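Heads up, there are several structures right after this.
The two complexes that follow have chain A in common; it is paired with chain B in the first and with chain C in the second.
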Partner chain A sequence: MSSGVQPSQECLEKFQELKTGKKLSYVIYGLSDDKRSIVVLKTSEDKDFDKFVAELPEKECRWAVYDFEFELPGGEGVRNKLTFVMWSPDDANVRNKMVFASSKDALRRRLEGIAIEIQATEYSEITKEAVMDKALRR
Partner chain B sequence: MVYNGDEVSALVVDFGSATTRAGYAGEDTPRVVCPSFYGYTTEEASASTSSAANGDGDGHATNGDDVSMEPAPEGAEGAGSKQKGAGRRFYVGDDGVGVWRPGMEVDNFMLDGVVNDPEPAAALLHHILRDRLCVDPTEHPLMLTEPAWNTPKARQALAEMVFEGEGMPALYFGSSGVLSAFAAGKPTALVLDVGYANSSAVPVVDGYALRAGTMRQPLGSSLLVSQLHHHFTNPSRDRAFPLSLLPRQLIAKRVPTSEIGGRPKPIVRDDRAPHTTASWKLWAENNVVEGWKEACTEVVSYKGFDFQTANDLPRVLYELPDGYTQNYSEERYRFSEMLFDPKNYFDQSFEPPATLRVTPNSDHSHSLKDLVSLSQLVHDSIMSCDVDVRAALLQNIVVVGNTSLTRGLIERLDVELAAVMPSQKIKIHSPTIPFERKYASWVGGSVLASLGTFHQLWVTKDEYEEHGMSIVNQSE
Partner chain C sequence: MAYKAGSIYPCNPATARSESTKLGVDPKGEKLIYTNGRAVIHIGLSHAYTQHTQTTTVARFSPSGFYAASADVAGNVRIWDVTQTENSLKLATRPLSGKINDLAWDGESKRIIVGGEGKDKFGAAFFMDSGSSCGEIAGHAKPITALSIRHQRPFRAISGSDDNSVIFHTAVPFKYDKMINTHTRFVRDVAFSPNGDLFASVASDGKVFFYEGKTGEVKGQVDREATSSLMACSWAPDSSKIATAGADGVVSIWDASSFKSIQSYSVGSDISSQQNGIVYANPDTLVSISLSGTLNVFDTRESSSTKWRTLQGPTKAITASAISPSEDGKGATFYAGSFDGTMKRFDIGEGFGEKEGQCEDVKGTGHSARVVGLSADGKGKVWSAGWDDKVTAIEGESFASSSLPTKAQPSGIAATSDAVYVATTSGLEVLQSGSSSVIVPTPTTAVAVHHGPNSDTLAYSSGKVVTLASTSPQTTLATFEDNRGEVLSLAFSPDGRYLAAGDATGRIILIDVEKEETAVSSKWTFHTGRVVSLAWAKSGKRLASGGLDENIYIWDTEKQLKNIPIRNAHPGGVSGVAWLEGNTKLVSTGADGIVRTWTIPEL
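Let's look at the complex of A and B:
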C-alpha cells in the first residue's frame, strides 16, 4: 500500500551526485508544499555525523541518505556505506507520520546502492554506534 | 494542515468486531462510532408482541426514539439490503441494540474479525451514509479497512455492498495492519492489535502485511467479558449472592443501598421483562460488564500474579446499574491476567461465547483451546518471518486496539517480551493519544484517502463493472 506520492527528478540526481561524486556527505528529503511529491530539502558536504543528525527536526518526519564512512577493525582501511534513514519522531503528528511512512517505498526503491537502512523515532536510535553496528554486520 | 484533498471528499469506514467507525477522510477522528451488534425482529415475533410495543411509549422516551432501520429505507434506494429479506427487520446504529424493543434479538455481523453477514452490515453502512453522515453515497469514494486474514467471500460481499448497493463511485481496501503501522510512522513494524474478538500480530514490511507471519487468536475483551460475566453471575469468595447485571433499560426504579457489598433491590420493569429475548439480555448484561471492565480493569506490571498479595492492590469503588456497590481489588487484575497467562487464568470450565469458537487452530491462528500470551503471539509472529527483518520488527512493535488501553498493559508487555526474547533489542511504540490507538486503522485510512496523489489507486465503479472482483483484488 502506498500514498502515490513520487520523488522529483532532483531527488534522484542529488542521490547520484552523493553516490558517485564523493563530494556530498548527505541529502535530506521531505515533502513538497503541496504534498504531492518528494523533494530535496538540503544537501551538505559536512561529514560530521552529529551535525547530520541535528538536521532532523524534533517534530517532523524526514528521509535522508548519509554517506557513512568508517574504518574496518584491525586497520583494514576505510569504507563507505550509503545509509538510508527514515526519520519519524514520536512527536510528529499522525498525518505527517502517515504520509512519510506510506511514501517511503516510492523513494527508497529508486535509490540503488543503499547498504544500510535505519528506521528511527528518536535520536538515541540514530547514533554513530548504531549505524556502525549495522555496517559491520554484513 | 490541509493535504490538498483535490475535492475527493472520500469516506472511511472501518468495520470492527465491537464497533464500526466511519467518517470523512482528512479528519482526525471518526464522526460515527456505533456498535457492530444489531437488533432484529422477525415478522412473527413483532406481530405477536405488537401490543407490548405500544405499551412501551410510557414516558421512558429518553432513549426510546425508536429510530429504526427498515431493511429497505426510502423504497428502491436501499434495495441492496432487502434482497434476502427473510422477514428480518434490522435495528442498527446507536439506536439499534441499545434501545429495548419487545422480541428483539441481538446478533453481530462480524465473526473472527471478518464481515460475516453482509445483510445487516449493509443496513448499517446505509444508515451511516444516509442518516449519520448525511451524504449522497454516489458522490464519495470509500475506503474500507480489512484484516490481513479477510476472506475473498467477505471482500466480494463488501464490494457488492459498496458498488451495487450504495452506488458509490470508487472503493479501496486498506489493510488494517498496514494502516496502523503507517499511522505510527512506520513502513516496517509488527502490529499487535488487541481488540474485542481477537488479538492479532501482523508483520508489516515496507508497507506490506506479510500473510506468512500473521497470527491471531480469540483472546480479547469479548472473552474477558464472558469470564467476568460468569464470575459476577455466580457467588464468589466475598459475595454470597449472584449479581443481577440488570441493564438500566430493565430497571424501573432503584432503591438506594448505602451499604457497600449489600444486596441491591432494583424494581424490575415487569412490562418489559417478559418480552425480552435471551440474546438481548445477554448483550445488555455484557454491556454492563464491559462498563465495569473499562472503569476497573488493570494489568499488573510484573510477571507471576499472586492472589495472596492481591489484597494490597489499589481498590476502586464501582456501582452497577442495579445499585450494587463494591470496592473492588483483586478482581480488577485477576481476569485481565488472562492476556498474559491464558493457561492459568482462562477458565474453561464453562462455555465461552460460541462466536469465539470459530477461530481454527492453524499456522496462522490459535483456537480458544490453545490460546497463548500476547508476548508469545508477538514472538511466534516475528519468528515466522525472514531472519533479515526480525530485528527491525522487534524494534518497531506497534500496539493498537481498544483492549490495549487497559492500564498497565504496555508496561507488562515490555516485561513479558523481554522474558520471552532475552538479549534482543525490543521496542514498543504505542500511540499516546487514546483514539489514535483505539481507531488506529481508521485514522491511518483517513490520512491516506485524503491525499490527492492517492486518486490513482482507487478502483472505480466503471472498472468494477467491467472487470469484476479481479480488479479489486489487484489493487494494493
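Let's look at the complex of A and C:
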C-alpha cells in the first residue's frame, strides 16, 4: 500500500524536538515540490488550537503533529497528549489525496509516542471538542 | 535419582529461506549459541535451554559471559545464567508485542535493546536487571531486522530495518539521532566493530557500507560486483576485517580499510547452499550456516579457499528413528529421519572415541517426504518408509541405490533379515526378494515382527485391534481389543515373549505372546497423549515408551505397578526411544530435533 515516498531527515528531527524539547507546539508536514519526499512545512511554539487549525488549508492535504494540552475533568490537572492529524479535505485534488493516504504510514510508523490519531476531511471534524473527546476516552 | 540425563546431541540452527539466522558466540570465542524451535543451544554445554514456551528467534551471550538473553516470536525475552547447569532465570520480560528479530547487549552487560515487529513500535530498550525502559528505539517504518550497540563511550546504537534504512541512535538513554538511507533494499544486518571505530550494514541490495562509529558518517562501500543479497555480517575480533554471508552461497572476508575482498569461499550455488548467517568466533575461526542447516567452519589461517569443516545436525522435528548396533561392537548408530525426508545418523558409544556423537547426513537418495518409520533388521541394515510411498534401506553411511514403492501411504515398518513388513493405509504389505504383496487388506496403523528360526511372529494393528499372526503358515493366532484408541506403536521383546502396544490415548497394553493373553491392560495408562514409540531393553524386562505428551516412561514386566517417568524430555513431544547396549542406557529424540541420552539404573 505504500507509495515509496519517504520522510526527510528533518521530519523526524522536528518530531523529536517537539516530543522532548517541550517548546514546539506543532509541526506541519506536507509533500515536497517534486512529490518524492515528505518535508516539514512549518513548526510553531504557539499553543493556540485555533491558530493550528488555521494552518490547515482548504484545498490541500497535510499531516500534522500537535501537542494537545487539556485539563482533566474534576480539576485534577493539565495533561499533554501528542496528536497526529491526517488532514484530507473533501475539496482537495483526488490525486493529492491518494498520494497522501498511501504515504501516511511511511511517516506515521516512524513517530513513536502518538496518543491520539485524528483523520479529518472537513473543519467540523477537527474541533477542539472532537480532539478533547478522544483525549479523555482513555 | 531415578534417572540421570546424559550427553545430548543438539540440533543445528533453524534456517528459513530469505531470512537471516542470528548466530552468536561467547566472549571467549569458544561456544556458539543459536536457536531452533523452543530450544536455545549453546555448543560446549551438554544441555539445551528449553524454558521458552514459544519458538525462539535469537540468543546472545552478554559481554561479561555470565548471562545469555534469548527472545521468541511472541516478544518475550528471558535473561538467564549461563555458567551453571540450572540456568537460573534473571529476568523474564515482554518488551515488544510481536516477533523479536534481533537482540543486542551494551558493553557493560547492563542494558539490552531488541528489535522486531511490535504492535505500535518496532524496538525497545531496557535494563537487564529490572526490565524498565532506558530509552526508545524509534524511527523505523517497518520491522527492525538487526541491531548493534557500540561498546565504547560515547555509546551509540544502530538499527537496520525492512524499510531500507539504518537508524543511528545516541545512547544512554537510547534516542533517535538520524536516518541513514544508503541502502535500496531490506537491511539484513548491522554491526559495530569490536573497537567501536566503525560500523557496517549489509542489505538485500548486495552492498556493504562502512560508517564512522561515533558520528554515523558514511565512509565507503565495499568493492563487490554481485548484486545478490547479503544476509549477515560479522566483524573479526581485531576490527580489521568483516565477513559476510551471501544468498549466492559465498562467504567473503573484506578488509575494513581498503574495502577490498581478502578471501572468499564458495559453499555452493544451489538453493540449499545459500548462506543465512555468519559469526567470527575467534581470530582463526569463522562459522557460517547454510539454508540446509549445515554449519560451515572455516579456518582463516589456511590460505585455501576450498577446504572447510562441516557440522551436520537435524534442524527439523524428528519423526522416526531406529538404532542399529555396529558390527565391530564399537557402539551403535542411531538414525533419525525428519518430516521433510532428511535422514541423519549419529555414532553413539565410547568405542567411537573422538568421533562419538558426530552427526552425518545419510548419503544417497533418500525420501522426498516425511519419514514415517525406521526399522533395523538385526543384520546391519535399516529399512525406512516415507510418505513419498517408498521403502528403502540404509547400510552404514548411505541409502541403497534402489527402492521399492508401496501400494499406499505407509504408517509403520518392521524389518527382519529376509522380509520387510509395511503397514499402510490400505493394508499390510510384505516385501520379500524384491517384490511386494499385500497379506492383510485392511488399513493398518502399526506393525512389529519377531524373527523366529522357522517363521516370524507378526503383530499388526488396525484401529484399536491388535492381531497376532504367524507368517508361515500364514495364520491369525489371536486378536486383542484392550486399547482405548488407535494403536500407533507395537514392539516385541527381544525373546519374543511379550508384545507391547501403545495407543493414541496414552494407554500401553502388554500381551503375553505364548499364552496369547493380555498381561497388563489398564495399569500402564500414564501417558496423557499419543504413544508413538516403544522399545524393549535387552533383558526383555524393561520397556521404554515415548509420547506426544513430552514424557518417557520406563516400565518393568516384573514390577508392573512401578514405573519411572522422565518428564518433559523433549519439548513438542517425544518421537523415538531406543536402548543402547544393556538395560540402563536409553537414547531418545523428538520434535525438538535434539537426540538425548539417559541412564536409568535398575530398581
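Note that in this section the second predicted complex is superposed on the first by the 138 of 138 C-alpha atoms of A that agree within 3 Å, B and C clash if a C-alpha of one lies under 4 Å from a C-alpha of the other, contacts with A are read in each partner's own complex, and residues count from 1 in each chain.
Assume a residue touches a chain if its C-beta (ideal position, glycine included) is under 8 Å from a C-beta of that chain, and two chains touch if they have at least 3 such contacts.
The structure presented is a predicted model; accordingly, all values stated were derived computationally and were not measured.
K.L.:
Should chain B and chain C be called a clash or a fit once both complexes are overlaid on chain A?
P.N.:
Pair status: fit.
K.L.:
According to the stated criteria, A:110 is in contact with first (chain B), second (chain C), both, or neither; which is it?
P.N.:
second
K.L.:
Could you tell me if A:61 is touching chain B, chain C, both of them or neither one (first, second, both, neither)?
P.N.:
Only chain B is touched by A:61; chain C is not.
K.L.:
For chain A, which side has the bigger count of touched residues, chain B or chain C?
P.N.:
Of the two chains, more chain A residues are contacted by B.
K.L.:
Looking at the overlay, does A:119 come into contact with chain B only (first), chain C only (second), both, or neither?
P.N.:
first
K.L.:
Please work out whether A:16 is in contact with chain B alone, chain C alone, both, or neither, and reply first, second, both or neither.
P.N.:
second
K.L.:
Least CA distance chain B-chain C after superposition, rounded to whole Å?
P.N.:
Across the overlay, chain B reaches chain C at a minimum of 9 Å between C-alpha atoms.
K.L.:
Share the list of chain A residues that count as touching for chain B in one structure and for chain C in the other.
P.N.:
The answer is residues 6, 105 of chain A.
K.L.:
Write out the stretch or stretches of chain B touching chain A in their complex.
P.N.:
Residue list for chain B touching chain A: 1, 3-4, 28, 174-175, 178-179, 181-188, 206-208, 392, 395-396, 429, 431-432, 436, 443-444, 447-448, 451-457, 476.
K.L.:
Using the touch rule from the top, collect the residues of chain A that touch chain C in their complex.
P.N.:
Per the stated touch rule, the residues are 6, 9, 12-13, 16, 20, 105-107, 109-113.
K.L.:
Which residues of chain C touch chain A once you look at their complex with the stated criterion?
P.N.:
Within the complex, chain C contacts chain A at residues 120-122, 136, 138-142, 163, 175-176, 178-179, 181.
K.L.:
What does chain A use to touch chain B in their complex?
P.N.:
Of all residues in chain A, those touching chain B are 1-6, 34-36, 61, 86, 88-90, 92-102, 104-105, 108, 119, 121, 125.
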